[in-house]
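This is the structure I want to talk about, given as structure tokens.
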Amino acid sequence: MRVGVLTGGGDCPGLNAVIRAVVRKGVRQHGFEFLGYRDGWRGPLEGVTMELGVEQCRGILPRGGTILGSSRTNPFKIDDGVQRIKDNLARDGVGALVAIGGEDTLGVATKLADLGVNVVGVPKTIDNDLSGTDFTFGFDTAVNIATEAIDRLHTTAESHHRVLVVEVMGRHAGWIALHSGIAGGASAVLIPEQPFDINAVCELVETRFRSEYAPIIVVSEGAMPAEGGDMTLQSGQKDEFGHVRLGGIGDRLAGEIEKRTGKEARAVVLGHVQRGGTPTAFDRWLATRFGLQAIDAVADGEFGTMVALRGTKIIRVPLIEGTGELKVVSPEEYAEAEVFFG
Amino acid sequence: MRVGVLTGGGDCPGLNAVIRAVVRKGVRQHGFEFLGYRDGWRGPLEGVTMELGVEQCRGILPRGGTILGSSRTNPFKIDDGVQRIKDNLARDGVGALVAIGGEDTLGVATKLADLGVNVVGVPKTIDNDLSGTDFTFGFDTAVNIATEAIDRLHTTAESHHRVLVVEVMGRHAGWIALHSGIAGGASAVLIPEQPFDINAVCELVETRFRSEYAPIIVVSEGAMPAEGGDMTLQSGQKDEFGHVRLGGIGDRLAGEIEKRTGKEARAVVLGHVQRGGTPTAFDRWLATRFGLQAIDAVADGEFGTMVALRGTKIIRVPLIEGTGELKVVSPEEYAEAEVFFG
Amino acid sequence: MRVGVLTGGGDCPGLNAVIRAVVRKGVRQHGFEFLGYRDGWRGPLEGVTMELGVEQCRGILPRGGTILGSSRTNPFKIDDGVQRIKDNLARDGVGALVAIGGEDTLGVATKLADLGVNVVGVPKTIDNDLSGTDFTFGFDTAVNIATEAIDRLHTTAESHHRVLVVEVMGRHAGWIALHSGIAGGASAVLIPEQPFDINAVCELVETRFRSEYAPIIVVSEGAMPAEGGDMTLQSGQKDEFGHVRLGGIGDRLAGEIEKRTGKEARAVVLGHVQRGGTPTAFDRWLATRFGLQAIDAVADGEFGTMVALRGTKIIRVPLIEGTGELKVVSPEEYAEAEVFFG
Amino acid sequence: MRVGVLTGGGDCPGLNAVIRAVVRKGVRQHGFEFLGYRDGWRGPLEGVTMELGVEQCRGILPRGGTILGSSRTNPFKIDDGVQRIKDNLARDGVGALVAIGGEDTLGVATKLADLGVNVVGVPKTIDNDLSGTDFTFGFDTAVNIATEAIDRLHTTAESHHRVLVVEVMGRHAGWIALHSGIAGGASAVLIPEQPFDINAVCELVETRFRSEYAPIIVVSEGAMPAEGGDMTLQSGQKDEFGHVRLGGIGDRLAGEIEKRTGKEARAVVLGHVQRGGTPTAFDRWLATRFGLQAIDAVADGEFGTMVALRGTKIIRVPLIEGTGELKVVSPEEYAEAEVFFG
């Protein structure tokens, strides 16, 4: 059988490790042939392919990015999108697809599976907000990068008696902020799931300085102040170039803290550095095992499923489980960290 | 209540993170006082203590080692050892103990719990071979250090058409070798659970060279050749600098491969570098959550238990679960990786 | 004799290494006593001191920041500032000062030396723009952090066919941008010394995409477009919180490139991460040797001098040499890198 | 003109950066063609070549190793070796050679230049022991790897009250040991240039323990005890796991210290990890600038020269300068570090 492979959505360390594992095991143990589809769903939609075999996968394990390229193309937003995909798969003699991606990419996979396309999904997001799996690959790398940045900022905060605000990724879920905040010893962690009280944040800042230590505040890009928090933070504002990041929550929060406490405050926005480059050992191991399980699912004809981590086991769950609803930080999980705040 | 804390056994990144979390939550949420016992069980045995409070725990989160010191002292091998510990705890007004350690340290804790000492255990080993928990802190750090070393050795192997053998820690379990071997893209992984066939290993080496890539072989310090494997682990051979370096399994294996295949082979023994220094974000997060759960167990009077990771939850299990039998790599888990060998 | 030590200006990896070396050699070989002045020139000005001896310097070698704290206080902008410093030094029985800092801190030291204060300077700036020395400590660390970020961004740029703009520190000199751009394989490096032509930059972007590779552009925070470059980049604009960084050159350049080329462009502003945390081996070695030479200069009574690196030797030069004029990137040095652009 | 490029000797981070710079500038600014010779002098000797152009050099800047392969083949030890090289160069239409290597490789280049071969040398050694240049690329990477290892070992030494001996590379020169020892805060640094007194080393160990800190001793692989130092480097002793690990100077020294002081001592032999993997920013910058200068030398017809770093400038010197005599640590440079010992 010939199997197609594609990667969609934002960059994520471990994508190449998945591709390598899928191909290596597919060729060696299942005797499959492979075809690479370029740039996510754009590949099968427009029939843009690349050769994909053991040779193409040599040396890619430690590399970030994806040799297949990526995009956010959604075939359901294009006339005849689905039909064109079916036609191209037929033309290419591709009997099954392995789709590696996040909410959007797997959302498409879920619908295509209902429409009779043989697809197996591999969950991917550095935000770790996909349901059905304990962790997603890319998350551990992002958390380590954020933690190393926090480690470095501690000394500057101390030496300059400054407040340092670190804005990390996470538009809807605060996992990166929570894990890197705990690992980095942050004085406060602000996440989208828990609208924050700017007054409480400023109190933490004052407390911290009274104990003669400078505070580091980790904030998810999607964090918001509570209603009536009296903080003018109309997020989503676009700058002259249409960038939302300018005046993002990190910079605004630093400005607000400086205004209210009189303490010098600076923001660092980690941005894309969190999603590129070589994966950590954990992410390479998880991505590799996801790939092995995904191609086995193809061999078993278990389509419409995605692979997932449960404890130390890799299992298969219905695609809908991963894409149905977002996995966010629970109040209990957030409360666990609060003992370290201030 | 006054709580004693001790760390025993080999060094492990994350020990300080556990201590910090135990003290921080104990003081802030449970109103406990703390006393540090130095050098594992030697502390309560000989009454060697140190002040332990929020202040002593400042800035220790990212540091390797343990501010309490460690040792392999076993009170059950000393006359009146147990009684002396009971007397010292009483004298110090210590009503409960948090014991952070591996098989030996927790083995002592288990027996002391049976003898009426109020103790809660925190599992610690870079080898990840304690039962009852998905992972132990320190393991992720060790695996990342080993993986970075493998990444570096790949280029040397390729450039010099050499075989490189990397000996990693793991006397009884091959977890570090298996995870770093998968993450580093090793050509073979040899572990204690699976006696290896030296002929098969040499065949892998030949195959690898035929495909014009140099092999990297990861071997646990406890790995051994199968009976009749006809591998003469003779030592005393001199390397290119006249150093008698053949000794551990890594050096012996390199020597044997060179002798049998005629390919230049070198061994790198990572040693103690794997167990020192700053913990990864994952280990800081896990160690911190272990500490929080352990002090809650003390507050709940749930003695004779140890904390454990199950999926993403921290639970409590009877101490005996963690110390009863070693968690080793199963044949299925090992087989999973074999598709990458050669 | 009793020697005072202070650190002024922005944070810089290696400050603690200098302090440690000054104290270690001063105590062990010259029999000096030491007094720490807190927060740069504020210390001697306001008489804010701390104990400083071999004990206080234990374990600080690998740590970023400065145990003495820092500030930008300038005694020449304060009534009787100089006299108050002289009085405090006399009161504290301090016969000589070691001042570790950049242009401003050493500028004050230069003037104080002319007014009869016994001071030896140690040049410090991550920007590497102090004259009289081949390199300053902190620079190598900043360049490595920037280079690692560029390494990570390459994969994202490739996978998403995006332009990535990396804004690094350097208000007046482009050393960090030039070195990290060369080390990271950037498609273009824009520095303050060479006003850039936005049209030429966009041509590089197009060229790069034609060869099917995504461009990474490294830009110093102080880089500016050439006159008539028809790019609306009124830098120095303040946002609602008085931060100049919002809409800094990185974000503006990304926006402009996106507008002109139609290619998706994103900016990453590394910010304070470049100046915190543990120093590289090179910076620890240079900072340590600076410290050893500085205290020898004190012992020799060679005041009004600063230490400097020339080749592999540490020498002493008049303070004015380091503070007289800024060391910037020469047209020849910039031209050397241009072969890699595009 | 067609230019040949080869890399010889041991692996060294930065080799690919040199190749890339030579080719990039040679093609873009001098209009040269290139031919890659494989595995050092074996390439031109046996006529083993590979295609080498801008395309082959894409993405190799951050990679360790060498895309050309390496070997220690010496044409002067082979009948007609020189003539065969001349014939092959003529056959391949190669008018000039860029030879990148250490003492041996450049030694051959020096002799070939005298025999009329148009060759320019690029000095390469992680040991930094080539004369005529302030530093060689690869050295900074090796020193950083050794320093990170020392950082990690500190915590283990402290926690276990152990002596840790770190054996680093350097058979004839102690540069790696000296720089990493200073950067890592070692209690002693033992180098080949200064035969050590085992009694003095053991005294340092005792002193260090008296001040309640565990010692880390960095030793070059080529370090030796002084005559009559009464150190019996007997091998064959078994360590705690029954491994015969006593072999190189590191293991022997650890055994001797343990025997004499009664303190537990362990050795870590860093080995090949020091010479593989991605180069630091400094090494990428130096290697790149070496490559640019080397191809300019070819364009200028300045054969028989090698490139060198002097301060911040890249210059050309006669090949003989780099290969004439080894650059070792002077007594003054060693004495500079002694203030930190003990």
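For reference, chains read A, B, C and D in written order, and residue numbers begin at 1 within each chain.
We take it that a residue touches a chain if its C-beta (ideal position, glycine included) is under 8 Å from a C-beta of that chain, and two chains touch if they have at least 3 such contacts.
Protein identities per chain, from UniProt: A, B, C, D = Pyrophosphate--fructose 6-phosphate 1-phosphotransferase.
If you're wondering where the values come from, they're calculated on a predicted model, not measured in any experiment.
*Asks:* If you tally contacting C-beta pairs, which comes out ahead, A-B or B-D? Let me know.
*Replies:* B-D is joined by more C-beta pairs in contact.
*Asks:* Report, in whole Å, the distance between the mean C-alpha point of subunit B and the mean C-alpha point of subunit C.
*Replies:* Whole-Å distance between the two chain centres: 40.
*Asks:* What's the distance between the Cα centroids of subunit B and subunit D, rounded to whole Å?
*Replies:* For subunit B versus subunit D, the centre distance works out to 33 Å.
*Asks:* Quick check: how many Å separate the C-alpha centres of subunit A and subunit B?
*Replies:* A distance of 30 Å separates the two centres.
*Asks:* If I count partner chains per residue in subunit A, which residues reach a count of at least 2?
*Replies:* Residues 151, 278 of subunit A touch two or more partner chains.
*Asks:* What topology does the chain touch graph have (line, ring, star, complete, other)?
*Replies:* ring
*Asks:* For each chain, which other chains does it touch, given as pairs?
*Replies:* Every pair of chains meeting the touch criterion: A-B, A-C, B-D, C-D.
*Asks:* Flag every residue of subunit A that touches subunit B in the complex, lowest number first.
*Replies:* So the residues of subunit A in touch with subunit B come to 24-25, 28-29, 58, 61-62, 134-135, 140, 143-144, 146-147, 151, 179-180, 182-185, 213, 278, 280-282, 284-285, 288-289, 292, 310-312, 336, 339-340.
*Asks:* Considering only the defined contacts, which subunit B positions touch subunit D in the complex?
*Replies:* By the definition above, subunit B touches subunit D via 7, 10-11, 15, 39, 63-66, 69-71, 145, 148-149, 151-156, 158-161, 164, 171, 221, 235-236, 241, 243-249, 251, 266-273, 275-278.
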